[in-house]
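Across the two complexes that follow, chain A remains constant while its partner is chain B and subsequently chain C.
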Partner chain A sequence: MADQHGARNAAPTPRTAVVIGGNRIPFARSGGAYAYSSNKDMLIAALDGLVARFGLQGERIGEVAAGAVLKHSRDFNLTREAVLGSALSPETPAYDLQQACATGLETVVGLSNKIRLGQIESGIAGGVDSASDAPIAVSEGLRRVLLDLSRARTTQQKLTTLAKLRPKDLAPNAPSTGEPRTGLSMGEHQALTTAAWEITREAQDELAFRSHRNLAAAYDRGFFSDLMTPYRGVTRDANLRADTSLEKLASLKPVFGTSLGTPATMTAGNSTPLTDGAAVVLLGSEEYATANNLPMLANVVDAEAAAVDFVHGGEGLLMAPVHALPRLLERNGLTFEDFDFFEIHEAFAGTVLSSLAAWEDADYCKRVLGLDGALGSIDRSKLNVNGSSLAAGHPFAATGGRIVASLAKMLSERGGRGLISVCAAGGQGVVAILEGRN
Partner chain B sequence: MSGALTEDVPLDGVPNLPQLYRQALALTVRRRIRREALPTVLPAVRHRADGVAVDLGALTRFQHLIGSTARDRLPSAYLHTLAFPVAMSVLARADFPLPLLGMVHLSNEVHQDRQVGAFEHLDVMARAEDLRPHPAGTQVDVVVETSVDGERVWTGRSVYLARGVRFDGGTAEPRGDEDRPPFAAPVPTGLWRLDAGTGRQYAAVSGDWNPIHLSATSARALGMKRAIAHGMYLAARMVDEAVPAPSGALDWRIDFTTPVLLPGTVTTSFTREQQDRGAGVGGGLVEVMGWSAERRRPHFTGWVRAE
Partner chain C sequence: MADAYLDLVNTPLPGRIAKALGLPRPSVLRRYFPVEVLAPQPVLVTGAGAGADALADALLGWDVEVRRHVLPGEKLSAAVVVLDRAGTPADLAAPMLELGQAVRLLVPGGRVVGFLRSAADTTDPAEAAARQGIDGALRSVAHELRGGATANGIVLRGTTPTTDPTALGALRFFLSGRSAYVDGQFIEVTSAPAEGVADLAAANRSMSEWEGVPDQPLAGRTAVVTGAARGIGAKIAEVLARDGARVVAVDVPAAGEQLARVANDVGGTALQVDITAPDAAARILDHVGRRFGTLDIVVHNAGITRDKLLANMDASLWDSVIAVNIASQLAMNEQLLASPVFSDTGRIISLASTSGIAGNRGQSNYAASKAGVMGMVRAQAVAFDGAGRTINAVAPGFIETEMTAKIPPLTRQVARRLSSLQQGGLPVDVAETIAFLASDAAAGINGQVVRVCGQNLVGA
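Up next is the complex of A and B:
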């Protein structure tokens, strides 16, 4: 009786959600080849390639989730509009999601969960961002006057409203990467963290150098041939400098943290540039993949989000993944030793190195993360083996899709387990585990 | 017109449209002043321009203006736009029997064999054929064939009418409205709100600066009350809205009934032929109509069929 009762109330065992494949357009530098392409254009370009690669023409996908960080208000339904402009069935539902730089990874997590619960059989997750085609808002003064004007009835009211307009109100507001609550740019925030963890200029340049070298090697062996569709004449990430050297990186002038009283170490070479691009990932249940004769590259195992109080100095802005990771590992009974690949998003080289240093610091791990000791060290030869954002560029919401598809492909080739860590504005971060199937 | 007797006229690149319009204007003026008799047969020529390349910036502006996506494939109507100057160069010839300026665009029918990429080089051929009487004048077909590496990718047939021009000795008798069956508007599915600058904007992305589309003043000189929308602008929007992401062959047709005066609002109806649910949604035939709800007159009818 008790057994029967228990069986009725037990949550059904979740199904497995698999990464079937991915597609992205090469990332371009802001103001480059995609300068006149909108977020919708680029998202559709990424979808077009995915549809062609997996024969999804006219297919009704369970759900499409994507987003953009820099988004114009007219693009409120960006993802649904992109679906309508694609070759997918117009009966495919879609929703927009925004979690700053974690947007792309969070769409993968959300749709995977729906697949695991049996709510959908297939899903397309992803993101897009354009730093070139960024929305520009009117000033608060002009906005007020325009809204009041639309409500004014008489000529007298209209003239009175217009008279409130001041010349300075005509200056437009461009979006910034500044944190609304602190006024500091993301780079300035990271400079504080980089200095606190005493990360050297040399270590940051070395990480940037390896990112370029690894990405170039991945291109050379054709790793991206089934992960990418050329767009607007661009066939590889425009930011990639295959011929860069430690000497060249060392010659760049610091741009962040120049007034901290500690040596300024962050340059344009070890920070990600503003970039345009889009990336999408095809997810499905095992049944969906089998029925449609599609590959299964890796399983989406689990994910964890975290947030930190960067406003009151409690933690660095981009350190939330440091907090999320131990919780994720504990829930899954895993340690760093259980992973074969680590994908830590390179917002700045300093972000990656500060995270690694924090996990290696027993005192910090006990005091701040509540652990018994240091979480552990990550074998550098397993870190960002196909390059990451420093080389590829970082169109904010597109980065999650880039990482998930690349890691899933690595796991399908080599087997094993992979860890993803993405930091985001607002002191947030998302980490996730993918697992190979062989 | 037999192909064997047709002379191939290779052009030195794509002709300049404004220059063709000036040439056509000068020809019309000269014919009027000298009271020259119009030729009565079509020139047996086929104009061709080889290796036509796409300018990505111009393509993006075209795609955005018609509400499409800046993708690396060419909108079907853009293939018409790329070939249009070659077609017009046939109509602007001194031995072409009809006056180019003021001709009315009646219809377009296109068969596209496959999608064409923005980086392909196009060989464009254009000829005029089938000069024939129309109740309101004389009509002619302009046929364009575009190929890539010797393989045909796009064929279009545009029908133009020269009002009041007759070669059979009869007089033009425009059919009155009373002859038409009363217009029954279908259930609307959309609205196109076209502002006064629509013609100028499309001229800028297509290169078709025909004065009939630019302003009320320039349109009046050609017998229109106000500027009218380009037929190919309406066609481009129709095809893109019907099939936003074609992947294979594409056929479409548009028949223009009454011009769209600018500014103006076109009420539209897109109807997809119902298919079996199992066959997937997205392909098949889409029937289209655009009309003026205010004047209760159709502007155009058409259909788009995707592979």
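Up next is the complex of A and C:
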């Protein structure tokens, strides 16, 4: 009896969760090549490419977790439906997860934890988003009338209900990237932060330019040949402009922050466009990878989520990773110097640059983050070395999977340690550490 | 892609009209389907001597009904003419004339298989004349056969007995639907070293031993197929997987979507590699080594055409064809042979082409690459000789693919009818021959170029 209690109380030694590999479809601009592909279609394509790469046909994976930010209500079981449509065993369980743009990264964190705890041996994490095939809802007025109508019994009740309908109720509600609590779009929110941190147009364009250049170089050296499977004839991220220049980027007109009283700096070139795409990551225990002769690219070490009060607290909407990161570093006893690669999701060039500025600002770090001084600066040559969302595009929930797989491959090639930072709507953010195994 | 004429003449009325007008009447070929009954009717074994007797015994062991002489009116599934003892041209008369009686009795899709020795292995002019004579006679029989029947020869090199395991393997291949579009061909067989033959008992099991279980001669093998995303390559992947192999489907990254579909259909893995890249072989060997340990079978199928008359040819068209079709194979073979991952009993099968044998207008670059494949295969075979590994080439003739579907309709119709079988082959016909060459049963076949062309007049 005592022994049993003892066994139950003993904390299990967590195992190591490893990234085995990944697969994504090339990202397409909204309304482009995937305009008529649904989230389910794209997630199945990403899963099937992963299955083909690793020979997982008919295999029962421990669990598949994925999600979409723009999701039809009929897709309540999106991930499970995608599994059923894929070449995986139909006995593979799945769940949907949604944490805005951090969805993909959070699925990696969640499944890695299950693997570490020994609950599953293998998992597929990922996400998908279609800005093209977005759900369109009926207006609140029409919705109420339709619901009342379904409950009406007599003809008179039905007519009375229908009479409540007004012409304006017939206009559909398209999805927006507006924050429900402020009514501001994500771009306008970032424009406030960009202005507050006095990020220049030139610095933002430079970051965008490097993103395109780095992504193009990664393609040229075949980096994506085992990370990507073409879809619907698209073989490269459609947003990539390999031939873009600082001059071209400088010629674009600002689109956000045009009425702030400060110079507007955010253009279509230094902001991510609406994008369609899907990405998945194969995770496993070391035992699973060894038993199946699968590669182990990197370990998933730790992760931290944060949220900020962007509504009343004066913090920028996309600044939550700035808060999450010091907590993660402290818990792991690490500093910026301990990292070889930084993957900071480029929602906007201004987001990345505001985050870097915040971590370099001693006063902000003391006052807002409660640190002793500046967290430090990041060597730009280690930042987004294979390009990021400005060049690749950003199908919201797919971005985490894209980053994790690419970083894990870099770590398997070069060794070292990598940091991931993803900001998300609702003032949230998730950061994570991956570690190479050599 | 479908051959509408073939379908049409195999219906009653149009068939009679075609016959009355003397138009070509191609038959629907008998193709392999697991599980196959090798010979539902008796098989004639004609020819005198111990070699013929031993072959008759071997066929009995496969539960095939054997006849040593034609019985009037009795239908035959196949006629095996054993001429391994022919010493002078005069020795051909009796067996060939008996064969003449037998071909009248062949069922549709019947088979004629000759056993002979190589003229290259004798210095006696009369013996060489006899041996070479059999070659000409059998090729003529192949031209004469109708109803989807074929005639092929097994050339025994040196003192290889008729019942050598590989000779029996070749016989089984020729009797089977696997060789449906192989016609008028001669495969040379040399006694294989025992260590190169992992499981010949399985390869030569009797019909009753099959017990309705599909034959999986490639079970446990790992095979790499380049250019596997579509066409003949996709079919090769499918057939090798059907025969039990673990397939690594390779194609350029741009074809990744189709490649993934092929890999998932055959339960294999997809590897997106441009075979002309310097690290192509390293990536393939790394993948196979890590996942499966040993690489047993390599099918160099990837190929491109960039047709232009030589007068209009530019360097990029020439170079790209050479790079993909032959230079990549040479580079990859070099690295395969240097790698511990490539099996000691490994098989390399390269895709040649009848264009490489006969040349083809507008295809000087392609023909150079495909003739180059044959040269490479023959030279590498010498280096392999007797050591367990083999290398062979398969030269497809007119095959119904997306590529040949682009040929103008009239030219396409003519090209189809230019073979003894009066029709184009299917990708599966090429794949079946490759699967045979990859199997243990083909351990003693090395340095051969097997045409899968329905005895096309081109390059004959």
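The definition used in the following text is that the second predicted complex is superposed on the first by the 427 of 438 C-alpha atoms of A that agree within 3 Å, B and C clash if a C-alpha of one lies under 4 Å from a C-alpha of the other, contacts with A are read in each partner's own complex, and residues count from 1 in each chain.
In this text, a residue touches a chain if its C-beta (ideal position, glycine included) is under 8 Å from a C-beta of that chain, and two chains touch if they have at least 3 such contacts.
In this text, all values refer to a predicted model and were calculated from it rather than measured experimentally.
Novice: Will chain C clash with chain B on chain A after the two structures are superposed, or do they fit?
Specialist: Overlaying the two structures gives a clash between chain B and chain C.
Novice: Thinking of the overlay built on chain A, is A:D133 touched by chain B (first), by chain C (second), by both, or by neither?
Specialist: neither
Novice: Figure out whether A:D226 sits in contact with chain B (first) or chain C (second), or with both, or with neither.
Specialist: second
Novice: Which of the two partners, first being chain B and second being chain C, lies in contact with A:T235: first, second, both, or neither?
Specialist: After superposition on chain A, A:T235 lies in contact with chain C alone.
Novice: Taking the superposition as given, does A:E315 touch the first partner, chain B, the second, chain C, both, or neither?
Specialist: In the superposed model, A:E315 contacts neither chain B nor chain C.
Novice: Report for A:S38: first if it touches chain B alone, second if chain C alone, otherwise both or neither.
Specialist: In the superposition, A:S38 contacts chain B only.
Novice: Output check: A:A52 vs chain B and chain C. Expected answer is one of first, second, both, neither. What do you get?
Specialist: After superposing on A, A:A52 lies in contact with both chain B and chain C.
Novice: Between chain B (first) and chain C (second), which does A:A87 come into contact with in this model arrangement: first, second, both, or neither?
Specialist: both
Novice: Report, in rising order, the residues of chain A that make contact with chain B in one complex and with chain C in the other.
Specialist: 45, 48, 51-52, 57-58, 87, 230-233
Novice: Which stretch or stretches of chain C touch chain A in the complex?
Specialist: Interface residues on the chain C side: 249, 253-257, 259-261, 263-264, 267-274, 277, 290-293.
Novice: Where on chain A does chain C make contact in their complex?
Specialist: 45, 48-49, 51-55, 57-58, 87, 222, 224-226, 228-233, 235, 293-295
Novice: Taking the complex as given, what residues does chain A use to touch chain B?
Specialist: Going by the criterion above, the answer is residues 36-38, 40-41, 44-45, 48, 51-52, 57-60, 84-91, 230-233.
Novice: Once bound in the complex, which stretches of chain B touch chain A?
Specialist: Of all residues in chain B, those touching chain A are 56-57, 60-61, 64, 68-72, 119, 244-247, 280-283.
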